Structures are given as structure tokens and as C-alpha cells.
Amino acid sequence: MGDLERVPVGVIGASGYGGVQLVRLLTDHPKLELAYLGGDSSAGQEYSSLYPHLGHQVQQMIEPIDLEKIADRCQAVFLSLPNGLACKMAPTLLEKGCKVLDLSADYRFSDLDTYTHWYGLERDDREVAETAVYGLPELYRDRIAEAQLVGCPGCYPTASLMALSPLFKQGLVLTETAIVDAKSGTSGGGRQPKTGLLLAEADNSLGAYSVAGHRHTPEIEQICSDLAGHEVLVQFTPHLIPMVRGILATVYATLRDPGLVREDLLTIYGAFYRNSPWVKLLPGGVYPQTKWAWGTNLCYIGVEVDPRTNRVIVMSAIDNLMKGQAGQAIQCLNLMMGWEETLGLPKLSFYP
Amino acid sequence: MGDLERVPVGVIGASGYGGVQLVRLLTDHPKLELAYLGGDSSAGQEYSSLYPHLGHQVQQMIEPIDLEKIADRCQAVFLSLPNGLACKMAPTLLEKGCKVLDLSADYRFSDLDTYTHWYGLERDDREVAETAVYGLPELYRDRIAEAQLVGCPGCYPTASLMALSPLFKQGLVLTETAIVDAKSGTSGGGRQPKTGLLLAEADNSLGAYSVAGHRHTPEIEQICSDLAGHEVLVQFTPHLIPMVRGILATVYATLRDPGLVREDLLTIYGAFYRNSPWVKLLPGGVYPQTKWAWGTNLCYIGVEVDPRTNRVIVMSAIDNLMKGQAGQAIQCLNLMMGWEETLGLPKLSFYP
Amino acid sequence: MGDLERVPVGVIGASGYGGVQLVRLLTDHPKLELAYLGGDSSAGQEYSSLYPHLGHQVQQMIEPIDLEKIADRCQAVFLSLPNGLACKMAPTLLEKGCKVLDLSADYRFSDLDTYTHWYGLERDDREVAETAVYGLPELYRDRIAEAQLVGCPGCYPTASLMALSPLFKQGLVLTETAIVDAKSGTSGGGRQPKTGLLLAEADNSLGAYSVAGHRHTPEIEQICSDLAGHEVLVQFTPHLIPMVRGILATVYATLRDPGLVREDLLTIYGAFYRNSPWVKLLPGGVYPQTKWAWGTNLCYIGVEVDPRTNRVIVMSAIDNLMKGQAGQAIQCLNLMMGWEETLGLPKLSFYP
Amino acid sequence: MGDLERVPVGVIGASGYGGVQLVRLLTDHPKLELAYLGGDSSAGQEYSSLYPHLGHQVQQMIEPIDLEKIADRCQAVFLSLPNGLACKMAPTLLEKGCKVLDLSADYRFSDLDTYTHWYGLERDDREVAETAVYGLPELYRDRIAEAQLVGCPGCYPTASLMALSPLFKQGLVLTETAIVDAKSGTSGGGRQPKTGLLLAEADNSLGAYSVAGHRHTPEIEQICSDLAGHEVLVQFTPHLIPMVRGILATVYATLRDPGLVREDLLTIYGAFYRNSPWVKLLPGGVYPQTKWAWGTNLCYIGVEVDPRTNRVIVMSAIDNLMKGQAGQAIQCLNLMMGWEETLGLPKLSFYP
């Protein structure tokens, strides 16, 4: 297939880690091509001045953000910007016929009041927001395929929901008992320098943050409530881990039926994810390492049941910048284009 | 005070990380002196051949383990050996008048059947074992002061119990809801080389292990049951973190009284640990970093309440080899000798 | 192209890091297929029991090493074994018509006495050894294309020679001044557990080893001497770095012509590597980070001249397990098969 | 000794890593007490809001920088500020009778033109600068003891000079052959957030920077020239290592006398540092690990001779924030006060 047949896409917000993943993934994708690299403060620079290692593969300049031009040039646009900016751009891009995939929180909430409550931003694009689909293909594959606007999930919600969804969907657990103890590498904090993310501060150490108040909580709860059919509260605690990439979500919940054993749960998870090529359910007794998912769009899941406490413990591991961000966005676009959802995405990490 | 007045102590099992912490701490202790360094496979070597960095401070040889000689030379003996060895040596040492502090699991259980069940080892020293006191000074200070034999807690139980104890002792939580999600640096796995502990394997990664089956679970439950006054089950999940030292225990439990707020909990914890100089309760909204405890005998505790879920979340951070092992053993010996429990132990980390 | 048209290859020594790289790379190669996975102590196990993360992609069993069977099934064989074993197997495999790529030191030396001197092993396969070509394609591309037996370079020599070769080949430096200060991640030490490679030991630290006596020294010198046309001694010092993958070689040498400036050197390096698609020469003032090469077969090179001291400083960065080991072996096989040397090899890292 | 007898000292620039080391070290020093903590942007804050882990030990507020007040309250002042600020404050403090120890580059150069050339700052305090002594006690112990103003060395020069000094002082090497390949943890870059120092960027990677142009070069050369008795140029290349603390300097130089062997060099180094309690010369064949020096004021030195190339290779390891910064400053003040130079400084790391 010649390049002329490739679908041209744009990336707005190219300088951050989300942007560079998208750029990287697009170099390998057989049916997409990067037609626009847009940035604000970085406009006018060669992309390789920000990321010298890919100078031999990416010669593009970062252009100023001009929605007209972008829509002219691109069939689909990835918005990789701080919260509150996508909602200013998406309506225009959609109007001009672009498919839009937003990596920020702007289009993740079916109820914009929840968004305004947790993010402190007012919104005036309710009609557009109502058309957005939550970009977790393992749950909303069909709706994503029909969507023009996808609100791609955060990295923590992706890891958490991959572990939680079968439990809530199948009504296996007492909903008020669900706890997500999540651990993330520091790349989740972005490329803007902050003291707490310095190697000197974050290495050799470990701590929780935003306990009982992290913004990803309502996002997790929204989807769990949707799956359960009633309002659900989830305890979510993020921790910063001295590593670059990767999230592990350790999920705890009390089983409704104390007779269920590990093999039952494995069977249920296996069925739930039967048509999900990016989910790898591990055999009994094997628990995921985040490194296994490094640089791939995979989600590894391990399941355990504790007959003493009647709890299920589920562990899911993803690469926070891939399945937790850019890889999943491309997985969504694959679906929106009617392609295989695995197309052009990396399937196997290098190890160790 | 001249060296003649110092109390001579022995360390058996000097080659591992527990041993080298003890040796290191003894170089600074004003009232103790190292009189015997015993090892098995390492006997006959200079200690500095194992740990060259302390060659200028420690000139001792590792001697074969000869209980007669040890008892002749030492008033107190630290046993830093694999499980199942201390119970062969402690009876003799006690008989000869030594105080014994065991860092293995052998003397941590009031019910030896629990020990045999989880460790797979039969025991024939029940009478001696009954005299052992669990070496967590913040809970059993008075009994330790009277003891001849102390079973020093494991690193995970120490971190977990520091967070859990006020909750169980004061009956603040629904006991069946307690979950400990624990994270440890790899030094907890010891100095014997194992594939999973290689830097190439463990760095840049994160995973749970021994889910629903870790041996430290019954140890935590024994003490929680003692505090609660009835049998308690605790969910305990350990994770291996890509760092050398440190444990963080993130503890979850549902409050009995939904009206309690964070400040209430901080008051209760403050009172519980009022006379515990090694516990540092953090102000509201500050959560501990394991690095803060690095190289010290401190335990930092942060407390949060989630009014949405009615849960308390407590985080405790220790150095797994200090408060989680060797430092705490010396804290115990300080009490057994009638000294200040802070004597000779490091109080402040270097940062970063 | 159907699988029937793929060239079947074998990997002997599948359990180590070299083996798992080869297996991983073969899953992506469009013209090769893995037909035999051979091991000794691991024979009879599923490969995914050693590396669970690739269970969904690699279902093969590890088979005992049976040279007959291997030769029946494979057109080419990678030997990824400890030193001294390949020389027992290669003659048989070659005789049966297999192409052989050895990742150990056995076939790297044109003078077997040098091998015997540094590795302490006698050899009785001189005739076979004489047919071996040193597998550094950037220097010996044509000879590799004709070879049946390739001795693939060590990771340190690859990094060192990529930086040194233009200097020696073009006679730019005083040969006795060449110094290689090399830094490697710990995966270079292999998967066999050793105390010094534990995360607890190697993390947060840095040190040199085998100073003035590392076995890779004669390998570097042999090639430099070949390029220079006379015997050359090189100072080589390896350091262990607290990271998993990657080698940086910092090379120092005094220029013969004090008038040369950085741009001259960049021109010379550019010309030298003009036809080497895996070498990425960085613009003036940009120096390579090992992470840029992570998971790729690339070698990034930065060049600097110090007019004050009249020295050239060249830095080369590779992934020690890829361009430094398995990737380069496949690059060689590509040449031996008459294919593009870039075929099926990863060209761009994920960052960060 | 009561606190009334302690010497009151001030720390200006308390918020950075240099500041927090000084504060930490002062909590343990038996004859010094912290009487003033001065900062600019951080003035008015509690110190523990910057460094919560030491809240239980340090209750001081950060005060605005008021030289009058400082001089009233303090006998000695540590200036831990960016380059170019100390030279504005030191003259006033000296005039008022304070001893001044500057941790910046301002008072390290005997020739201020060199300073102006490399740091781009004009100076108008030449008379004061001429009274400054370079604060490396192992070389200038006697002059430091008499000084009122000490320019404390940078971390790289300290590590480099500890390795180089015996070679230059004793005329053992061809001076034009000296090369320092230095490796530093990222804490050397300070606590101000910069992209390149983020864990996400710096972890798992390694690279050189400021090649042939680092500002520490003239500082190293000044002292080497002083020792050699003639002008000396030194090749200095710094590398950023994925670890928090520590510097390793690997030094190469060609011996004048090809007959010297390792034992000769060890003898010479031993004699050179005989009266230097902070230098630990390692036995033949043992090379230093930076971790050994962690949290101490020690410098570990290993020496090797390569008879093949006639080169000496010396490795020195320090904690960049201790012997490389704050610890050494206190070592200097000990000397200036007429005390033992070891007073109150940590002598032994925790390991691992």
C-alpha cells in the first residue's frame, strides 16, 4: 500500500510524553501517516530538537495550532493537551469532519457537572460532549466504532477498569468493598519539570498521593456504575513508584458468593475478555509484572482468591503511556476506521 | 565511659543484610560492643572481605558458631539466621544466661502450631518458646523490658502493625475489612542471589507476590487478634518495588463510626504513640515517603479518612532493614538493658 | 509471504538474555521463523515458564540439544551459550550445512592463542575457526555476506569499535593514546544470579571492574590492529551502571593533526558510516543517551574535539542486548542471506 | 557540654540540597549549632514544609537574608547559593568578623579572570577573593586552619583531585596524559526542577554532557597546576548516572617510570594520605563503589597499574553532597575552629 492511501492524522500537543508516543507509534502504523504536528510553545521547532533520538525517523516541524489547516490536512486528530483545552478545539474539528480522539479528561464524563466539580472548569460544549464515547475498547468497542469523538481514558482508570470490570459487570462482588491500590511510574506526571518528579527525589522511594481525592476516582466510578447498573463508590489510592513507565493496579473486593474459587474467576475473566486481543489473562498463580507490558498495548491480568477472607484480588499491569494513553487512542482509531484493533500496535515487550 | 564498661554482644549470621546492619549499628552504639561475629559458610574470613567498605571500622574475623564460646563472651546475642536455626541455638544460649534476640520467625508465634503450619518445621522447644516476647516495643515495651528471649518481628509485620494497631486496639474499624497493601524494596529478599532479585529483572518493574499466602500474614493476624481481643483475619499483599530499602504499608479499613474525621484519627494515633519516640505522626495531608526513613529506626505514619467511603487509610513507612529488622532489635535490647530505647540508633535520614 | 517460505532457524541456549532477545526478534522478522529452541538444564520446559510475558506469542517447548535434529530442521543456528561450548557444536552444524552465528567468544579471535590466553580454554577446531568472520557488519559487511560461521562481537567491543574504527582506519590518532571508558547496564552480566548483580547491591551505585584485565580488551585490540595495519594496545575499563540495558563507550584519543575541528571529524565519521543504516551520527553538540537505543539495533554516535588538549572524544551508545548481541546477530544473518541488513529489526525506541 | 558552649553558625540558601545536608549534619555535630537559616524565595516558611521528614528534629523558620542579623548571631556562615551571590555577601560578613565558607564557585579561583571567563560574571571583590583558601583539606589543611574565607570545591573537582593529587604532586605521570572520566548521580544538578533531571528522563539511561567544556575543568586544572608546579591541562568529562547520590572519578594517566607497579602506587598513595582520616585507600584489586561513601564524608580510592599500556588508573568515590559539598565544608570549619577534622561527621554508610 502506498503512502497516498494512508489516512492522514494530526497530533496536537506534540511535545509531551503522550505526543511522543503517538509520533512513535505512527512511524510503525501501516495505514496511518502523521500529517500535522501541532504545538504551542514549541511551534516552529524541529521535532527532533525535543527528542533527538528520533531525528533519523521524524523530520517534521512543530506547527502552530491552526484548526482550519489541521482539518484540511487530517482525517483524524489526537489532542494531547492539558485539561480544559480540548473542549475549545474539538467542536470546530468535528464540525469540519475530523474524527477527534482526546487524551485529556475533557470528554471522559457523561455528566459534565462531575467534570466541573473535580476539575474546576466550566463547560459550554454540552451538546458536543454528549456525543463523546469513553475510549476503553474492551468495554465500548461497538460504540467507539461509531463515534466521531472519543474521550480516551486516563492511565489509572484503564488499569483499574481492566481489573474491575468483570467483577462489576457480572455482579460478583459487594460493590462497596472495591479498593484499587494503584502504583505508577513517574512518566505519568508528564515532561513538565516538577520537584517531586526529579530522579533525586523520586528514586529509591515510594509514597501515596492524592489519597481519597484523586481526580481519576470519579472516572473509575462512572464506568463501574455503568457496568453495575447502579451508583458505585470505589476507593482509589495512587502511589508513585521509582520507575519510568508502567502501572500496576491491585484490586480488592469481597465476593458475594463465598464458594467461588480462583479457577471460577479465571473462567469468568477469560470469557469477559475473549474477544479482546490486548488482554492477556495469566494462568493461576502467575501475577503480572509491569515490565512485561513495557512498550506494548497489552494489559496483563492475574487473579487470585483468598478463601480465608473471601476476597478476590485482581492485578492488572499496563504501560501507562501505551495502553494507558497513546496506544489505546490508536486502538480506538483503528476501531473507528473499521480496522483490526491490533493494527500497527506493538505486541511484545523487550525483556528485561 | 571506657570500652570495658560496654556490654559485649554477639551477632550470629553476620554475612547477610541483617548481620551487616547490626554490625554497622554497633559501631555507633555508646553502650554496646561487638564481641563475637559468628557465621557458618563464611567462618574464617575477615568481615571486610564480605563488606569492603567497612574495612577501616570493622577488623573482626567471622568465627565458627560455638555456643559455649559465644555465651562466655557475650551478655546478649542477636541471631540473624534463616528460619529454623535459632530454635536450635536459643535454648542453650538462654540456659547459659545470655539474652537472646532472634531476627527469624522462630520465636514470633505464641502458638507454635501456627508456626509449623506456615513454615513447615516441627518444634521441640515449646517451653522456651513460651517465654519469648514479640519484639515490637511500641506494643509490648514492658514485657520486652523483662524478657530474656525476644522474637523480633518481620519487616512487613512491623510496618503493617504500626499502621493497624491503634485501629484494632481502640476498636475503631470493622475488623473483617482490614487490608494491608505492602510495598518493599528488594533488600528484604536478602543477599543470597536469586534471579527475581537481580537488578536486570527487578528494576523498572513492579509486581505482587505470595498473594493470599505470604508467611507474614499469620504474624500480623496474631498481634491484631491480641489487640482486638478476638480472632482477626487480615488481607496482606506484598509487592516488590524497584528500590533497595524501605517498606510502605498502605492500610485500608472501614470505620465503625462514620462520623470520625481525619483530625479525630490523628488525635487517636497521637495518643497511642505518645510515648513512642520512634514514631513520627505526620500532619494532616502529608503522607510518608519511604526514603524519609532510610537508614533510621523511624516509622513515619500518615492518616487519611475518606468521608465518601467511610474508610480510614493509614500509610506507614519504615526502613525494612532498620525499624523492620536490625534497628528494632537494638531498640529491644536497649529496653532489656533498662536504657533509653533511642540509645545509639540513627534518628534522621540523609536526603535526598 | 506464507510461513512455508520463511527460513527456519534455531536458537541454542534459549534461557538467557541473549536467547530471549533472539526469540523476541524472531517473532517480528518477516523472513525467519523459529524452528528449534534448544536448552540444557531447561530442556523439557515450556519457554513461557521461563518468560511468562511472552506466553501468548511463543508456545514452543525447550528441546534438548540434539545437533542432528537441529541441522535437519534449521538453515541457520544461533549459539547463545557460555564460552567454550560453541566450539564443540559449530563444526558439526557447519558440516551438516547450517549457517552458524555464535554469540560467545569462541569464534571472535583470528588467533586462537589469544583466545586460549584470555579464556583459559584449549581448542582443537583450528580449521573451522579460521573460516569464522568477525560479525561487525559496519566493518566486515562483505565478508559476513560470504560466511558460514560468524563470531558475533561482545557488547563492549561493539560499542567501543563503533566509536574507535574511523579513528584507526583513517589514521587520525596517536594509537597508543586510545582509551575506552565503558559503562554498561547489569543485564550484560546475564540471568544467572550473582550477588553483585542483585538490585540491592547494584542499584544506587557505580563502580569499575576488571580494570586493566577485562577479556574484551584483546577483542577490541584485534580489530583496531586490523584497521590500523599494525599492533595496537587499547586501554579498556568497564563500569557497572545501575540500569538494566545499554552501553555507553566514552573514547579518548589524541589527534595526530592538531588542526582538526569537530566538523572535520563529523564529516569523516559521516563518510565512514555512510552505508551503515544502523549508525546514527548525531549533530555537533549532541551526545548520545543509552536510552535512545533501548530495544533497537541502533548505534548513536556523538563526536567532540577539545582544541585545548588536542583530543577527540567519541561517545557511542547501544543497547547491549541488541546491537551489542542478538540484534547484531540477526543483522549478520540478514547479510548472510542476501537480504537488507535492516530487515525485521527494531528501528526506534520508546521514550522515555 | 551544654548548648550555650556550641558555636552558632548560619546557613544561607537553605532550601537546596547543599542546605539540607548542612542542616542535617548540624543536628549531629557536638560543637556547632544552627543559629540562622536564611533563604530568599523560601523566607517565612517553616523549614519542615520543604523537608517534612525532618519536622521532628528541625523546627526552625527560614528567615530573610539580613547580613547584619546573621553576623550578630553567627560565628561562621555557610553560603549555599547559586554562583555570583556569595561574592556580594561574603565581604560584609567577613568585615563583621564571621568566618565564611562558600559552597559556590565564587571563591575557588586564585585568578578571578579564570572565573569571569568560565562563569561570565564580573567581580569587584578582588581583595577579599585573594584571602580565600581552596577548601580541600587533604591538600591545604594548614592554610584552611588559618583562613577566614574558604571557597569549598565543587563535587567533581573533589573526586577528581583526590585521585589526581598524588600523581601530580609526586611527578609520577606525563601531565598532558591526564584524563578524568567522571560519573555523577543526579542530585548534583540540584533541586530546581529541570527536564533532564526528571526520573522519567534520567532513569535507565546514561550520557555525557558538557564534553570538553565543563566549568569544573579550570578548577581541577588550577589545583593540579599548583601541585605540579607548572601549568597543566586536564581532560574532564562528566556523565549523568541514574542514581541519586555519588560520584566516581576514573582517572587515567601515563606513568613516567614504566617500572612502577601497583604496590608502588599504593605505597605512594598511602603515604600521601597518611594523615587524612577521610581517605580510605583500598587494598590491591579492590575498586570503590560509590554506594560505600553514601551519607559519609569518606573518599574511597582504588589504584591499578596496567603494565601493558604503562598507565595508572585511579578510581575515587565520594558522596557528591557530603565529601563533595556539605560534609567537606564542615570538615573545613572543624579545621578553622582548631578541632579534629572528623568531628561530628558520619564515618560509615548503611549498606546496601
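Chains here go by letter, A, B, C and D, matching the order in which they are written, and residues are numbered from 1 within each.
Simple rule for what comes next: a contact is a pair of C-beta atoms (placed from the backbone, for glycine too) under 8 Å apart; a residue touches a chain by one contact, two chains touch by 3 or more.
In this text, all values refer to a predicted model and were calculated from it rather than measured experimentally.
**Student:** Pick out whichever of the two, B-C or C-D, is joined by more C-beta pairs in contact.
**Tutor:** Most C-beta pairs in contact, of the two: C-D.
**Student:** So which chain is farthest from subunit A, going by the mean of the CA atoms in each chain?
**Tutor:** Centre of mass proxy via C-alpha means gives D as farthest from subunit A.
**Student:** Centroid from C-alpha atoms only, then distance subunit C to subunit D, rounded to Å. What do you get?
**Tutor:** 39
**Student:** So, what's the distance in Å between the C-alpha centres of subunit C and subunit B?
**Tutor:** 46
**Student:** Show the residues in subunit B shared as contacts by 2 or more other chains, in ascending order.
**Tutor:** Within subunit B, residues 17, 187, 191, 200-201, 203-204, 242-245, 289, 291-292, 294, 352 contact more than one other chain.
**Student:** How about subunit D: which of its residues touch subunit A in the complex?
**Tutor:** Contact set of subunit D toward subunit A: 17, 185-187, 189, 191-195, 197-204, 242-244.
**Student:** Can you tell me which positions in subunit C touch subunit D when the two form their complex?
**Tutor:** 176-177, 179, 181, 183, 200-201, 203-209, 211-212, 233, 235, 237, 239, 241-246, 248, 250, 252, 287-292, 294, 302, 304-306, 308-309, 311, 313, 315, 317, 352
**Student:** What does subunit B use to touch subunit D in their complex?
**Tutor:** Against subunit D, the touching part of subunit B is residues 17, 20-21, 24, 27-28, 51-57, 187, 191, 203-204, 244-245, 280, 282-283, 286, 289, 291-295, 300, 321-322, 347-352.
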